[in-house]
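The two complexes that follow have subunit A in common; it is paired with subunit B in the first and with subunit C in the second.
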Partner chain A sequence: MDRVIGIDLGTTNSCVAIMDGDTPVVIPNRGGYKTTPSIVAITEAGKRLVGHIAKRQAITNAENTVYAAKRLIGRKWNTPQVKNALLSCAYGIIEGPHQDLRIKLRDKIYSVPEVSSMVLQEMKIIAEDYLGEPVTKAVITVPAYFNDNQRQATKDAGQIAGLDVIRIINEPTAASLAYGFGKGFDKTIVVYDLGGGTFDVSVLEIGSHGVFKVIATTGDTFLGGEDFDLRIIDWLVERFLEEHGVDLRQDRMALQRLRDAAEKAKCELSSVSETEINLPFIISTGRNEALHLQRTLSRSVLETLTADLVDRTIQITKQAFAEARLGVRDVDETILVGGMTRMPAVQRAVAQLIGKEPNRGVHPDEVVALGAAIQGAALVEDRHNMILLDVTPHALGIMTVGAHFEELIPQNTTVPTSRAKTFTTSRDNQTAVKILVMQGENQKADDNELLGEFVLTGLRRALKGQVEIEVTFSINTDGIVSVSAKDLETGQAQSIQVTASSGLTSDEVKDMMSNAADYMVERRADEAFEGIKQTIETLVSQVESMIPDVERVVGGSDFGRDALAKAKAVVFKARDAVVRKDAAACTEQTDMLDRTIRMFKGVVTRGN
Partner chain B sequence: MAAKKSTPSNPAAGRRPLDSIDSLRPSSLPPELGSIDMSWDDDPASMSDLGLLTDSEFNLDPDADDRPTAIPSIPMDQLVKASMDAAEKKERRDAHEISSRSKTPSVPVNQAALRKSVPPPAVSTSSSAPPTIPNLSAMKQDETPTVDYRTRATGTRSGAGATQPAPARTLEEFGSPFEYVERPNVAAASAQPTPQSPVLGNGFGRSGPSSGQPRGAISSRPPVSPRLRPSSAPPAAASQRHSRQVSSPLAAPGSARVQGRFTEAPPTARSEFDGYRQQMKDRYATGDFSGALQIAEALLAEDSGDLEAQRYSTSCRDVLTQMLLSRIGSVNAIVKVALSQEELRWLTLDHRAGFLLSLVDGALSVEELLDIAGMPKLESLRILANLLEQRVIHLLPS
Partner chain C sequence: MVEPSSTPLSNAALVPRPVTGVDVRRLPIGPEDAFVLSRVDGVLTQRDIGYCTGLLEERVAVCLETLERLGAIDYAERPHQRASRAPSTSVKGPVSTTGEIAEVSRPIGSTPSAGSNEVPASIPRLQSYDPAELDTHCDLDVERRKAILDLYYQLEVLDHYVLLGVPRHADKKQVKGAYYDRVKTFHPDRYYGKELAHFRAKLEKCFGRLTDAHDTLTSGEKRQEYDAYLLSQAQIAELERAVRQAEQPTVTSADFDDLERRFAESFSAVAKSSTSDPTMATSQPEAAITYASGSGPVPSSRQLTDEERRKALARKLRPSQANLRIPSQANLQAVTPSSASIPPREHIAEQLKRQYELSRKSSNQAQLAALLADADDAIAKGDPVRAANALRTAQSQSPKDTAIAERLAAAQEQAAAALADTYLKQGEYEEKSGRWEAAARSYERAARGKPLAGTWESAARCLLETNGDLRAAGEYVRKAMVLSPGRSASHLLLGRIFMAARMRTSAVTELERARSLDPNNSDTVANLLKRLERESL
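The block that comes next holds the complex of A and B.
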């Protein structure tokens, strides 16, 4: 049976987990970290960097480093979020051919799903290296507020990465699963998710039959751990400016170091009361001397610096309660998600608001991926008691006269579902109606997402309001929305199937899949070659270290001279094969080196 | 110590004090060292014994640069300028002689000479100029950018077999990749693939290298030898004067723009750039890749489409990169910091070295460090090589 990995594709960090027997486990990456920054960069040489290594050059190579691609995935070009990103992102964002957006890195244009696929591909590689076998199936989590296009774009990203995304699930739902909720009891829980770049708070009703209803979800897509880091950076920079008259923000290298140090200090202050920030040679002055930054930051100072940020999350949480029409007393459990919730001040604030201690049983960084892994295993093992019933993330409806939005399927309706509503014509002798299928919660149709449109023709000529048209919305388990309109009198009908679009055509997705597959082949070949190269280097070193002994024992004989000449030739050829990156020749020379070593060992043993 | 005479009027020294050999020693000796004879190297008698010319004997006779000499006491920029003027005169004289002997003056001769030469590799136009490149238009014609004074002063003395240890250098001395001057690594340089390999060493046109003079090593003699330029300089580099007489082989193919610039540019601008161009070629021919690179980058700053400068720039970068890589060893090796934080603070490093050190986490390889350094590769390599030499970092097999 295929293994299914659970991936938490985060805005700032991603995490991959798998079921090991009945226990979900997070898989560490090569560096030993359990989360990998969702950052992709292209170096000057055209090399792709993903994860920690990309993060470490994110400021010095800002124009070619994509971070927080999740904020852009599945968005249309003319949306406020994209306009906002245009102002705040250092990398180039341009309009795509299908009203979508593309990212320019070096001289190449990438779609957003393509960039996200690079992160997913890294997650796939981490899992494959851990399991020692190919991985093809995945469950990926997305924020509860993601619309169908964003979900589809995430699916496309998975597909480009070579993954069959068997289910997209909401992050708060996944977190709840990891805590074991949904097993035979009804509960109302709050998921407080303060990640690196975003803050989401969701109120869920968990039914005893595996129904996870997101009653309300709200948040701030520009509030997260990075804002806390920035406060520390500002604090350091201001003091340095006062002390030396040098603004460190003007130097990218200094800023990169400050950012790394600020994040490290912030993490340390979750467990200790003070930490030292030590950055030697942070900047050079014009007088050929370098200045050092050395400062001690205490937890209390950090809490003072970031008090307003914590308060903002509390205000947003209160807003979520209001939207859910619940009071804090209605909440049974609170789950903390995201690395920032390790901060004692955050934990205190949440506990104070809810009136009880939040759940801390599972690592906040890993909880979402663990939930995704649990769901993935349940899907392939057919454990129905654990299978989530998907819900519509947003309301579905049509636009009516006056650009009003008429809701047919409310938000959080369990799918599959079907709803119908009857409408009438709005003009006399109207023979056709245009059905605009929309998604969202706003009363104004323009503020919602247009999913598709079609025209129903052949209506009976009559006064306005006399012709009745029944519009039916159906959503199947795969999330495909079918909308039909039927003239109830004549039976004339028209329908449309709305498939969410990521902004990519199927041909584009295929091309990207092919490119991603090529990249994987190349990478694996490079890794394989690297292994052979290291073996050769070891063997060559062994041969070279034995040459003096062999010379001593048989150097004066014809045999010895011949053997030594041959050995040197083998060493030369092996090195040449490495330089030429010729894997076949390297393998061949490995054998030759092995034989040489065996022969030399024999000679030396007999000689002694 | 040799080459002691400080020349306050030297504009290059004024602009970049660290480029000057004078900056490597204190301006006044500490009292406890006052009794030490620091002038052994300039002793005329001892130098005559070695067959070397003393400063006073040095002259700008065009033939003089075929002889091994001591470090000239005059400022290097003046020396180079004078040498180049002499070279130019001589070449004009030679060209005149050839043309008077032949019905088809100079063109066939030049073409043949240029055909034999190996040009620097053709390059893409993507090479970018680092921020430290001087503004060419702001430089005066008689200023010589960053003469590799130091290395010339410390190089092997050809003919005499006498070597002088290089003065201890600090990282500050290498503030810019273009200030960095190192004796070319023979193995690395000769490993350059042909035909892209620049012609290294033996830049003075004798039948073979002088004894003790490695190929590519920088001689202590005056840097320019007009007689040898056609054979030692990269092809068309041989002489800009040639490229004006005939269609420049460096410019071809697709050289219309370059040719057009030569013919259409105002005479003053042309001569000014020609002067720098010639310096670039001469430096390249004598193995001063850092100096050649600096001039090439300055030319590119003036005209980013300058194909010739691009080719020289790329070629110089390639050679310098190879040299530095050979100093570092394997790019796959894992870099580790060898000193404690406290010890680090006592070093004399600049912020770029500090930045690179901050990236060293004991898990990244040299190659990965170069990828994330955010600096030009050459600059990062130079810093890493120096940190390695200073034993601030050490390398572990991957």
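The block that comes next holds the complex of A and C.
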């Protein structure tokens, strides 16, 4: 039976988990870490790096190291969030076809799902290494407030990585699942999820009957730890600008160092009240003079710098309560999810709002992946008596005359759901009808997200108004929108095409998939090769250490001279094979080296 | 839409039997139920009981239901499927305004049982299943398939309460519990990875409807509205009947008097030739009096005398029943020849007749007074149905009383107006829920009962919303215009109808007119005109 892994694809860090019997467990990576940074880099040699190793070289390779790709996935070029990212990201973000985004690393251009798929692939490998068997099925989590485009793009990323994404679930819902699964209590809970890049609040009812029902969910997909970091960076940069007249942001390496330092300081200030940021030689002035940055950041200053961010999260939480039509007193527990909830200011604000201490019983970094693993097992195995009832976070509707937004499926409707609306032709013999489908909460259609223009073609030729088409808008359990149409008179299904597609077309996805598969094969070969390389190096050094002894014993004889020459030749060939990465040649040389060593041992023993 | 009371009528021919050993005095029943119980003898059918007691058949059915539930009576054969009767219990007598409607009589586990993954018990089963559907190859067991089909095909018919399997007074927690229980069977995730064939689409529809029911019943506001909607549906059924029955011919007292006279004449002819039997004679007046007051069981243990037979016949011919079972002439003839052997006692016959008529008159008057009091009370409580019924019975007692006739007409008018109001409320609820066609129909009926421009316009608007019958929509708007001319809204609506029908010139005319009548509408009109321009290009 195929086992399903649960992947928390986070903005800053990702985590993978699997069900072990009745309990979900997090799978650590090879370094023993339970989370892996969601960072991808391409080295000068063209090699792809993912995770901790990519993070370590981020400073020196700032332009070609991608972080926080989740902030860009599923977005369009001319949106304010992307413009924001352009200012603060050291890596290249450019415009692609259909207003999509592309990322430029070294000389290649990647789509955002492609970059995310590299992180997913890494998580897949981590799981496979741990389990010792191939993994194909996964449940991937997304922020609850992600819209249809963002979800679709995440699913594409999974596909490119070679995973069958059986479900996309919302992060707060996953967290509640991990919190309440198998516990057998009936509670109304609020999940406050402040992660690296996104913020979600969900109000849920969980119960002994095994049904986890989301009542309301809301959030902000561009509010998270990164923004807290940016405040610190701004604070440092501005003072530096005043003092030295240099804008550190212009230098990519400096920017990367600042980022690192800011994140570190932020984390430290959760436990100490003051920390020092020390960045010597942060930038050179061009007159062979280097400037240093050294500053002390106190917790209270940090809290002042980020007060409005925390306040915004509280406002959004209040909104969630209003949507759920619940008061603070109706909530039994509040669960904190996401690394940022370690910050004392955040914990204080939440406690103040709900009037009691939030529940600290869940691990803020791991709980989402655990929940995803539970859901994966529940779907595939028959024995788990659990059903997840999630809701759609945005209203779905169509654009009507006067650029108004006509709502078809309201916000916070339980999914799966569908609604139908009847359309008709406006001209005689009209064979196609165009519908603009949008997602969002604003009255004006322009402020909402356009999911696509759905064109119904192949209508019967008839007088205007005679052809009645019933269009059904459905949102499935992944939260992804689909549209189908039916000619009411004949009952015939009409075809729907999505024109002006946002994101990748299926052909593009297929291309990327095959590229990723190549990488997998390449990478696997890499790892196997590492082993052989190690063996050869050990053997070679062993041979080389024995040569002086052998020379001493048989150096004068013909046999001795021949043996040494042969040994040197083998060592040379072995080294060459390593450099060429010729695995076959390496294996051959390993044999030769073995024999050389045996021979040398024999000589030395007999000689002594 | 819920169909109340369609089933009780089909039980009309069933014969209830009294259950022995039941202490009637201990039962929690009212006078009406007791009256019906007194008529239950294992011989009379439900319909007959209706005739005997003078109650409406539906009332009798409801009383019998209560009695059966309490174990006071049972049936020789089971009544028809009672499944969809659940909502009809709300038809019990005058609709109570406290909202205390009888609990669904089927056993409901309102708390889900431990093995709650099983097929839910309280969705009424279908009578039969289409084998083509039931036997489709898929990964579900037969019970599960049946459960899905049961729910799917009754989605439109069952109300939210039955759908979820909760009683009317269920609180939020119970509703949620029931919903979660159902969800375990009807959520598509339960069958992830399984082959479902056509059941998948059905499951999703069922789930959607269950979610709607849950959302409506757990929101205080929406639940109130929905309960009012169900109530109004029941009211409509009653009101319609009240209004309709007014148009049916009733057997009046005059007819009855005529028949009586003829019987008396034939009786006198017989009595003259019959020998007097003092024991029989003395026992007659009591019997006559008791018969005249309309109570007492049908004597089944002793043989019927002529007089008693005639009285029984006369009782059966009481007015306020639509169907009159008039014995054929053959029977009448049968009465007279057999009693030809009895010598007539003229003076006794006359005495009996007088006594009979006297007691009948006095009881009639008492009854009349009671009926009128009842009607007054009903009017005071705002229940035109009950008033109309009472007054109709009163009218048949004394047809010459013009006051009663007037009051009856007034009550019927009120009933018709209440009917229209209820239709209006129903239409509003349906419009809000997006059921345009149903709303258009309700508005139309409301408008026919109580013609108002606004109502006609609402009907037209709903038709427009659903791209329905535009011609009818146009007609409705014109009716509205006739009722209240010079309303900008009417012309605006008509303009939109013309636009939908692609009659450009007419549309423009109407829109312009709308604008001239009310300058506040000029923005809307301008937008519509622009759209018209764009679409005609």
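The definition used in the following text is that the second predicted complex is superposed on the first by the 366 of 608 C-alpha atoms of A that agree within 3 Å, B and C clash if a C-alpha of one lies under 4 Å from a C-alpha of the other, contacts with A are read in each partner's own complex, and residues count from 1 in each chain.
Everything that follows uses one rule, which is that contacts are C-beta pairs under 8 Å (C-beta built on N, C-alpha and C of every residue); 3 or more make two chains touch, one makes a residue touch a chain.
Note that the coordinates shown come from a computational prediction; the quantities given were computed from them, not determined experimentally.
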Examine A:E205 and indicate which partner it touches, taking first as subunit B and second as subunit C; both and neither are also allowed. second
On the A-aligned overlay, A:Q534 touches which partner chain: subunit B = first, subunit C = second, or both, or neither? first
Scan A:P280 for contacts with subunit B and subunit C and give back first, second, both or neither. first
State whether A:P134 touches subunit B only (first), subunit C only (second), both chains, or neither. neither
In the overlaid three-chain picture, which partner chain does A:G180 touch, first (subunit B) or second (subunit C), both, or neither? neither
Have a look at where A:G355 lands relative to subunit B and subunit C in the superposition and call it first, second, both or neither. neither
Touching partner for A:T422 - first (subunit B), second (subunit C), both, neither: second
If we overlay the two complexes on their shared chain A, which of subunit B and subunit C does A:G556 touch? Say first, second, both or neither. neither
Could you please specify the touching residues of subunit A with respect to subunit B in the complex? 31, 43-45, 47, 49, 53-54, 56-57, 59-61, 251-254, 256-257, 260, 278-284, 288, 290, 292, 530, 533-534, 537
Okay, in this complex, where on subunit C does subunit A touch? 112, 116-117, 176-177, 180-181, 183-184, 187-190, 192-193, 204, 207-208, 211, 215, 219, 466-467, 500-502, 527, 531, 535
Of subunit B, residues touching subunit A in the complex: 18, 172, 175, 332, 341, 344-345, 349-355, 357-359, 363-364, 368, 371-375, 377, 397-398
Which positions of subunit A touch subunit C when the two form their complex? 166, 205, 207, 209-211, 213, 325, 378-380, 385, 387-389, 401-402, 414, 416-418, 422, 424, 426, 464-465, 468, 477
